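One chain, chain A, links the two complexes that follow: it is found with chain B in the first and with chain C in the second.
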Partner chain A sequence: MHNVNNRSRDIGEFVPAEDDELLICRCEEITKGEIRRAIHDGMFTLTEIRRYLRTGMGLCQGQTCGKLVKEIAARELGLVLSELGNASSRVPMRPIEMKVFGNEKEPGENA
Partner chain B sequence: MKRYDLIVVGAGPAGLSAAVEAAKYGLKVVVFDENANPGGQLFKQVHKFFGSKEHKAKIRGFRIGSQLLEEANNLGVEVVLNATVAGLFQDKEITVRIKDSIQHYKGDAILVATGAAENMVPFKGWTLPGVIGAGAAQTMMNLHGVVPGQKILMLGSGNVGLVVSYQLLQAGCEVVALVDAAPKIGGYGVHAAKLARTGVPFYLSHTIIKAEGTDCVTGVTIAEVDKTWKTIPGTAKSLAVDTICLAVGLSPMAQLLKMAGCIMEDNPKKGGQVPVCNAYGETSLRGVFVAGDVSGVEEASSAMIEGRIAGIAAAEYLGYIDKAVLTEVAEALESALSSLRQGMFAVENRGKNIEKTDEGYVVSQHLLKKGYFQDAEVEKYPGVTRQPGVHAVIECSQNIPCNPCQDACPRHCIKIGDKITSLPVVDETANCSGCGMCVAACSGQAIFLVNEGYEAGYASITIPYEFLPLPGEGDRGWALDRGGSKVCAAEVVKVQTAPVFDHTSLLTIKVPVAMAMKARFFKEDNCHA
Partner chain C sequence: MHKCTEVIIIGGGIIGAATAYYLALQGIKVVVLEKSDNIGDGGSSRNGGGVRQSGRDPRELPLAMYGVQNIWPTLSDELGMDVEYVKEGNLRLGKTEQHLNILRNLTKRCVDLGLDVRMIEAQEAREICPYLSDEVIGASWCPTDGHANPLLATLAFYRKARALGTEFITGENVLEIKKIKGRARQVITANGIYEGETIILAAGYDSRKILGTVGLDVPMTKISLEVLVTEAQPKMFGQMLGTAMADFYGHQSKHGSFVFGGSSGFEDTNKNNGTPITASITAPCICRGIMKYFPLLKDVKIVRTWAGWADISADKIPVISPVEEVPGLIVACGFTGHGFGIAPTVGLLVAQLASGVKPVLDLAEFRYDRFKAKI
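Then we have the complex of A and B:
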């Protein structure tokens, strides 16, 4: 059984690949190679990868790349997708400017 | 903080259906949607839906959207647009972004019907302008009246890829190629056949190597793949296109449920991470329901039924109706839902190689690879008969949940029976009047009227036609076969449009009698034919 959090697990050396330059997270401009390298730097979960690289933290909030990053990570770690789990979901669901996020109104009050 | 009995997140087919159903039982319901228009994907669906008559088959999607919205308005459901639900918290409290503020609402029950988002596939050049989702292409065309490009490559042969390709043709674009890495077409054969007979080439077992261009897409390189999805050297070919549409599946947008603490599962058959829920769509959190694509990617017809079930379940949860009423109403809806989930394209059959129909007819491999039947294959299906005089020829070969043709025929020439996925059978003893109701009623445009005795040496063929400009009587051109090749000159002898046909015109063409079972499309060319 794989243990995602077993940090001593040997996933082998980083091997450069031809498509490492491919952009995966468009909003934050992160390439496939950067994601693969991050995993070899010890980022074994999607949450860690996200904090390390900011994948999925841009305007689309991972709507486009979330699944792609997960597939790359699962392959690099030798896991099936469901073993890897998902990154956390947090408020706000969509990007919202801080001035709006902090501007709480009663329903019906003029926004 | 404002309170409602039921808060629905998402005004698509599932959300609106749930709101309507709950409001019928007296619940005070509000629906929030982040878009400027309600209806979710329904208003982009200009094609006629499959399914049973009781569940809105043969009605175009956008009309279903209008009907649902009207029902919701009549029942006093509040639909709040441009309202983004930002969070779902303990005790069923939500925060909503409305204009420049955040507002708090509390529901005694919550229904999340946020739908799904399009998947992307990365290849060299995929970030160039001109690479778009198929759903985005549909939004541009059908909501905003903008064509996404002139020469299109569609990646993905599921129903989304097939239906959007057809709509691109209707918008006047050229679909240069339909590409799929799978060895066979994923969507309905009838949808593929509609494209193939206009001349769209299918490239199965092919993938995109790269999008060409520096500032925008100017071409694409595709290549054949082997059984292990590796590209076969020497098979690369370049096509001139300005737009690449990706129709490679959808992923449920279930983040709200996850943040609320629902137990989730990773289920590839449902499209990804979805909440675990019971038969009524209730999640592991009591009073938090789901319906539609967010609980597993399917299509709009089942989303509407799921929504209704969840709406009724919410009414029961809040004590507006007895458990017995819920059980009774939900049972009928569940049986309708399970009938939609049967047949060759049912979830449990995904990825399986089905060689025969339930009735024992061999499934055409040519249809699955090229998008159309070989001439000899088509005659063995029960909807295809040869009769003197005018009669319906139904080129329907797969067990899909759809039966409007059966009810369309006033003379009962067409029989499907109680099992909605059965192939339609043409009754040779019934007397076809040639009215064409079945031709217009078939959502798959798979029914033709053939009359081999039209006049000496000539047959007439009536085809469903949904392109503009509509040819006129006396126009000349070419008859195309099922694969889109010109087979003979043809003349339009009759053009019928009627409100009951709902924008499917019936074009009757005259061709030499030998072409009666070959010619299936008409291409106007008054100069040469």
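Then we have the complex of A and C:
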């Protein structure tokens, strides 16, 4: 899916809100206000917001905040959720130590 | 839809965004067309973040040195956001005498061009970075090399260019460049026609297909490269790292996570399902490479891996060139996996070409028509 997306289109001014201090991404400590501001800086997709702010880039990889970020972004951009797509999920499913990830020896083989 | 502007840039990566920024500074009207949904979705966001001069091809070295001397140190201030540029040197590590020979050759050709880079013994390498394993017997050391955050640097150029009035349009797949009265003039997309006085093609590997529509070709291929990211750690070292054998490369980011790229040996033949995907054998292989040089990192957790395409030109340096047969067309592609560090310089040079100013560096080595048959 590629929607034509003009980044100069008018999405209105950033209006401060009372709940802007609310923590949305707990791993990386990103607030609702920071997410809304990023959108007004031109970050119009979940991927761009993530690269710009690090939302969903911490230990849980967005499994906690992904949906919240999407809802905030959709509202700020005046889109319905399905128009926004999803951020990519990436290997590994959960954090894994380098010595474990890198070990491909069979049981009994010398590590 | 029919839209007219002064300059059209095909490709919304860091080259396109940086070029747009330098043009917008002069008040030039620019439209940037990006095929994917995201700005900087190709190699621009998928690289190890090296801002490296050492190890460069001598033809490319002046671009890297210019950037380190004139652009990178003040880029965060200039663009109004932190691009996490760190200038704490580059260590390229060796474990065998054969590795050291590779490093000596790379070092010599850069020294000949005036770069401050030298071979150092294992002990000095460990004084610079105390976490190296005993297997490391020597390194090359370039104190003025460094790294930056490619995600932020790309978006910083985009953000600033956009604020200066550049129009970025994502999801616009360019199908064709069309000449009018002998000049490149129209850019045809799936949705409409854009018209510009100058057209800049900076679309990575996809540039090849688009160049074909005006009868030209740049010989290049694409390979998939993979990177892993660890959980955040307390600051251990600030150097950019590489190895003689290119087992892995990377750095510790400002955030604390380590970002290490590497290879499995199957880069040329990795699966291509239309999007860059990680292969299950690669990240574990990178882990094993890292642990040989940095045993201390064995307990650090990997949180994420990703892959990206690199556009590899036939002679391993980019094309940065106006096209004589197609006046009005400028090409910047084939960055061969080392485009990020030179991207600000290239953006400046391409903007100079597009605005009719003599480029501040000579671009003769980067011509589009330099590729000749072997006999």
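Heads up, the rule we're going with is that the second predicted complex is superposed on the first by the 98 of 111 C-alpha atoms of A that agree within 3 Å, B and C clash if a C-alpha of one lies under 4 Å from a C-alpha of the other, contacts with A are read in each partner's own complex, and residues count from 1 in each chain.
FYI, a contact is a pair of C-beta atoms (placed from the backbone, for glycine too) under 8 Å apart; a residue touches a chain by one contact, two chains touch by 3 or more.
The structure displayed is predicted, hence computed values, not measured ones.
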Problem set entry | Superposed partners chain B and chain C on chain A - clash or fit | fit
Exercise. Does the superposition put A:G42 against chain B (first), chain C (second), both, or neither?
Worked result: second
For this session: Please indicate which partner A:N5 is in contact with in the superposed arrangement: first for chain B, second for chain C, both, or neither.
Result: second
Exercise. First (chain B), second (chain C), both or neither: which does A:R54 touch?
Worked result: second
For this session: Mind working out whether A:P92 is in touch with chain B, chain C, both or neither, as first, second, both or neither?
Result: both
Problem set entry | Touched partner set for A:T64, first chain B, second chain C, both or neither | first
Problem set entry | Lowest C-alpha to C-alpha distance for chain C against chain B (Å) | 6
For this session: Starting from the residues of chain A touching chain B, keep only those that also touch chain C in the other complex, and list them.
Result: 85, 88, 90-92, 96, 99, 101-104
For this session: Mind listing the chain A positions that touch chain B in their complex?
Result: 19, 22-24, 26, 32, 63-68, 81-82, 85-86, 88-94, 96, 99-109, 111
Seminar exercise, completed: Residue set of chain B touching chain A in the complex reads 1-2, 34, 84-87, 89, 95, 97-105, 117, 119-120, 122-124, 126-127, 251, 253, 255-256, 258-259, 264, 266, 268, 272-273
For this session: State the interface residues of chain C toward chain A in the complex, per the touch definition above.
Result: 35-41, 45, 151-152, 155, 158-159, 162-163, 167-173, 191, 230-232, 255, 278, 280, 283-288, 290-291, 297-306
Exercise. Which part of chain A faces chain C closely enough to touch in the complex?
Worked result: 1-8, 41-45, 47-48, 51-52, 54, 57-59, 61, 85, 88, 90-92, 95-99, 101-104
